[in-house]
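Each structure below is given as structure tokens.
The following pair of complexes shares a single chain, subunit A, combined with subunit B in the former and subunit C in the latter.
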Partner chain A sequence: MTSLLNGVRRTNSLIPLLKQMKITFSTETVQAAPLAVNTQKVSKAMKAYLERAQEHDNFMKAQTIEFQIGKRHLANIMGADPENFTQEDIDEAIEYLFPSGLFDKKARPMMKAPEEIFPSRKAAEFDETGRPFHSMFYTGKPNFFQLLHNIVAEIRKAQYIEDKMIQRGRLPAETDRLDMTGFAWLSKTDLEKILVETISDLEYNNFLNTMNRLAAQPAAFKCREFALQYAKPLIDQSKISEIPKPQFDENGKQFITTYECLRKTARADVTIRFPGTGKVTINKDHDITYFKHVQSREQVLFPMIFINQLGKFDVEANVEGGGVSGQAGAIRWGIAMGLRSFVDSDVIEDMRVAGLLTRDYRRRERKKPGQEGARRKYTWKKR
Partner chain B sequence: MLIRQLKQFPRALSHFSTVAEPAQVKLEHFRTNESTVSSQGSQHIGRFYRIPLEERKQLFTHGGLPKSFEKQAKTFGEVCVMVREPAVEIIDYIKSSDLSRPVNRFVLHGDDGCGKSLTLAHVLHYGLQNEFVLVHVPWVPNWFKRPKETANSSTHEGFIDLPFDSAAWLIHFKTQNANLLPKLNLKTTKDYVWSKRETTPAGSTLLELIEHGINRVKFASDAITALLSELKQHSTDGKCKVMVGIDGYNAFFHDKTRILTENKAKVTPDKVTLTKPFLDITNYDWTNGVCILAVDRIALTEERMESSLPRYQLGKEGFEHCDPFIPIKVENYSEEEFENCIAYYLDRRWIQNVTEGFDNELKHLSAKNPYNLMSVCAPL
Partner chain C sequence: MLGPASKLALFRPTICLVSHMSVYPKNYIDPIFKKDQQEALKTSGEHLKIAHIPIKAARNNDTVSVFHDDVISKFTNYIMRKGDKLLARDLLDKSFEQIKRVQLEKYNTAKTEEEKAKIQTNPKEILHQAIENSRPLLQLTPIKRGGVTYQVPVPITINRSNFMAMKWIIEAANEKERTIHFPQKLAWELLDAASNQGRVVKRKQDLHKQCEANRAYAHYRWS
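Moving on, here comes the complex of A and B:
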């Protein structure tokens, strides 16, 4: 009788806890009350879970101790203070002691805290008697479906606010919208990490659709905080905001120089002048015919064509290293970056979306032994 | 349906052919009717004029127009050349110069694809219309870079003959001056003894000399030497006036050719028999003539392509040979010329996919370079 009561009380006390879970899905293992264990009224599932949890906790404890000892050893080897040996120091030491030329960084030797290495596990989802905490436990993916419910609740909230506004005789303005520019919804793997559940492509698609529905609400500005939990900033916003002011040259023309424009192995610095006639000067004494192929020339002109200002700017570029397309790409990036100082923020946003302001860090892929090239295999021959 | 039926009768269809008829109705702003070159002036600059079929055949059957241009002209169904500043300038100079003085040399220079060869073609057209005897070499490097056949010269020890190329040039010369030579009736001033049995006696016409060179390919190179010295002599005597037009002239002063001797040694241009007569005729020691020499970056080999200026292109020796000369720079299209060219391409349906601002984009893609513009427009 007492155990039953105890169980009921526990479930009651879990209700606020569940509300908390809406936002952060708990991953800690829950220790069942020793009382319940002792009274042998524990369900089989709970018992199995408790065993597994115990095992995992012990394992993690051992790993943590091992990591601490290993860290101290490493600090001693490196002649550093073991008390203040940070993760950065560890990485440095590992790189020094086990230099590795492996291409994939994940394949190189590493030493990290066990929490980072071993994936987190779900907490207990049911009480000792086998009753699930979560009403959607039997969906198999309670966290995911809870999330969908939460999003819909937010949508309702936005609609309620909109209704109120209309009742007061005010239509939602553009500023009342949920502004998600510069953000993208979490990727499937990131979402799975948060939910501690694996979801299918279809389910992820449902998540995206629901989120987009929320974002499309005319008065969803209050849902921003909620939405940002499931969004990731696209690029470092602060970097974009630092747009240099144009300087003035001796002829009274505005100019801006972008240094370190890079693409593949080409390096360039690009000066653009406004107002101009569309003259392109490359390496002092060449015009755009420096590039023999039309494609490269189009690359160079593209930022100006994109903002519909071809022929309004003069371009001077110094470029070295790399090949033809690399040089053209480097100049293109330099021009696009320079043009930011002369256009308004909407156009900059368009340029960013078009990928003109993104640095292209792709490099030539190495040739692999036993293969003809980076990916291509030798022609198959029977013998 | 009607067209489909007509297709069965090609002759009937040819009546409706799309080949451009001469524009008689109304002249577009980018064209001019003035096909008499001497009456073209600065008011015609930037306009296209049509070279009549007859004159075109006579002038350019054996070369003279750049290959890509010729191809395009064939597509357009007409040869239209733009009247441009350098050609008008040279023709003005020729008109106002005193031909009884030693010959004037004009050196055309400019970047690749600016229109040097077409300027030369334009001036040659003037020469044809004004009864100049034309001594025209379409592209000198053809002789040094891809000769048809080589042979040791029988008359000059250690020299190389290009018999087929020489004969081809003689045919070219004969075609270009087909109308003029019989009229002038120039005679040789001395005996030319080719072999024991073959001689061209003094007093025979130049045509006979040329014919001999063409028929006896072995002596073609020597025939050219003889012909050019005769021409020099006659023009100095005032019997005729001569226009020398040589494209890729700087190849004569380059230090290498692709010609090999029998023992696989490289030959320099000065060891080729053709070089001497053409250098001779571009000398200043004769009168009643004019020389237009185009120097070109691509006439040389890759290591000599840094600059397109005459001093660099001709080298010290060549520069001194030509000195004093009048340098004429051929530039890229001007704003107006560019617009006219685009209008012409539109008229010929060479550009068909027109979107807003296409001309501006083309202008910057090609940097207003005529050749670049042509190649950029080709797939449009």
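Moving on, here comes the complex of A and C:
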């Protein structure tokens, strides 16, 4: 590359190179710029860029070849057909050959196509004379600010539509709004990937604010397509976990056992039987008076009171470890999880919204050195 | 009165200046477990939005039991010392028992039906009434202007006035002879406050009088 640029033919040699790299500007740009015509020079910025691009290109080519060879090797090791060895097979093989207990998935060994591993780079943002294409080039983040401008253009569009509606004597209805239910705006990292630019927290906040402004427009229904480019669908929370089918015991009663009901340091197994009489058995030979505290008894009955089925289920719980409220909380969670098998999906959603199906992971916060407790500081006296 | 308002921070951006201490990620919202609040969600159509949001676990003093009362649970927590809720609840229950006894005695000694109808025998209602009667509307805040500190009357929020009422009742009940037990004294204070007399109501009226006397300084709130 350097040898090419050192030669007299540098301008001529650049053009096929640029074409090969699919950069979206033509030779006309060069001729149109009088400076370039006069001096026949390529700017330093362009030169440096071309060098970097070439370097990156060569690197990616080498990486791709390496990846292909590695893939074939891996296929041979696994005794599979190297021609039809897919990414899924690679992941499986890596997991088998290099088992890793590391928590973060990104930290585990992986083998992926170089395009996925190495971040994509921006194409040249300026022409051969060093003149930037984008008017906001010198902001340093042209794509981000262009996005903000685009959002504002969409807001103007929505306002124009609203004005037209009002001129025709019709106020925008609720259906004319931009319904973003079930979607959330892209996270900062996702947005950065799309923009190929790193943005600060404040800038991300500006993006969110502008997007929210768009979503708040009374007649923004036509901006849906635009908005969805920068939103991702949320998962329906009630469909996350599978609900087991109840089994039948020797008396012909349905029952469900939930194992590993945890809360603080308490641990419980909870079986609920239907139909029942509301009997609660704790640790085989206690009833609900196992808990001296009324609050804990209320906790055990909470799920059943909530679905208005108190006295229709029998509860058998084995609980160990932890304190009083921890044990009650563990049993409450077990009962709530078991009840899902006996009620319809609407009630399950109600229980979820009531916070009965969420595992409570809160633990006692540790005492910190130099402090009186977890948060409280020692009394400070100046002298 | 003290019900937790459901806060839906859906697309609300936040700038975090301090580290996030909760075990729940920020997108988790508080549980909505009361039947009427859930109904309200469904009528407003907000439940469709919530369907995509994870929920925090209900806390271990939350319940939908008919015996549960927000005010009483708050009051219990204010009585509580060093996390001994069992004792706090016990004290309040005993105090309710005392109130019930006193009121039932009044009820049974009442001659006519009219008199009987006037007597409130429900201790919960008496607690509510007592708090309502001892709630201040204003408080005095020291504000420094030109080197002089003025006691400036400022309006307070409902939460704050509830807190002050409950605090005053408990303080009044704690000021007692050694031979009298806390539940007994608390019962008397509650009964007094419920009938708009006694030390707590007087304290409220005194504060209001002070505020009235210092009304000339009210403008220091904003100038």
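Operating definition for what follows: the second predicted complex is superposed on the first by the 195 of 383 C-alpha atoms of A that agree within 3 Å, B and C clash if a C-alpha of one lies under 4 Å from a C-alpha of the other, contacts with A are read in each partner's own complex, and residues count from 1 in each chain.
Operating definition for what follows: a residue touches a chain if its C-beta (ideal position, glycine included) is under 8 Å from a C-beta of that chain, and two chains touch if they have at least 3 such contacts.
Given the structure is predicted, the values throughout are model-derived calculations rather than measurements.
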Quiz item: When the two structures are overlaid on chain A, which partner does A:289 contact: first (subunit B), second (subunit C), both, or neither?
Solution: first
Quiz item: Which holds for A:305: it touches subunit B only (first), subunit C only (second), both, or neither?
Solution: both
Quiz item: Counting residues of subunit A in contact, which comes out ahead: subunit B or subunit C?
Solution: C
Quiz prompt | subunit B versus subunit C as contact partner of A:189, first or second or both or neither | solution = neither
Quiz item: For A:280, is the partner it touches subunit B (first), subunit C (second), both, or none of the two (neither)?
Solution: first
Quiz item: Touching A:201 in the superposition: subunit B (first), subunit C (second), both, neither?
Solution: second
Quiz item: Once the two structures are fitted together, what part of subunit A is touched by subunit B and by subunit C alike?
Solution: 294, 298, 301, 305
Quiz item: Quick one: in the complex, what on subunit A touches subunit C?
Solution: 180-182, 184-185, 201-202, 204-205, 208-209, 211-212, 215, 234-238, 292-296, 298-299, 301-302, 305-306, 325, 328-329, 333, 349-350, 352-356, 358-363
Quiz item: Mind pulling up the subunit B residues that touch subunit A in the complex?
Solution: 111, 357, 360-361, 363-367, 369, 372, 376
Exercise. Would you mind writing out the residues of subunit C in touch with subunit A in their complex?
Key: 11-13, 15, 23, 30-33, 38, 41, 47-58, 60-65, 67-68, 85-86, 89
Self-check item: subunit B-facing residues of subunit A, complex
Solution: 278, 280, 287-289, 294, 297-298, 301, 305, 308, 310-311
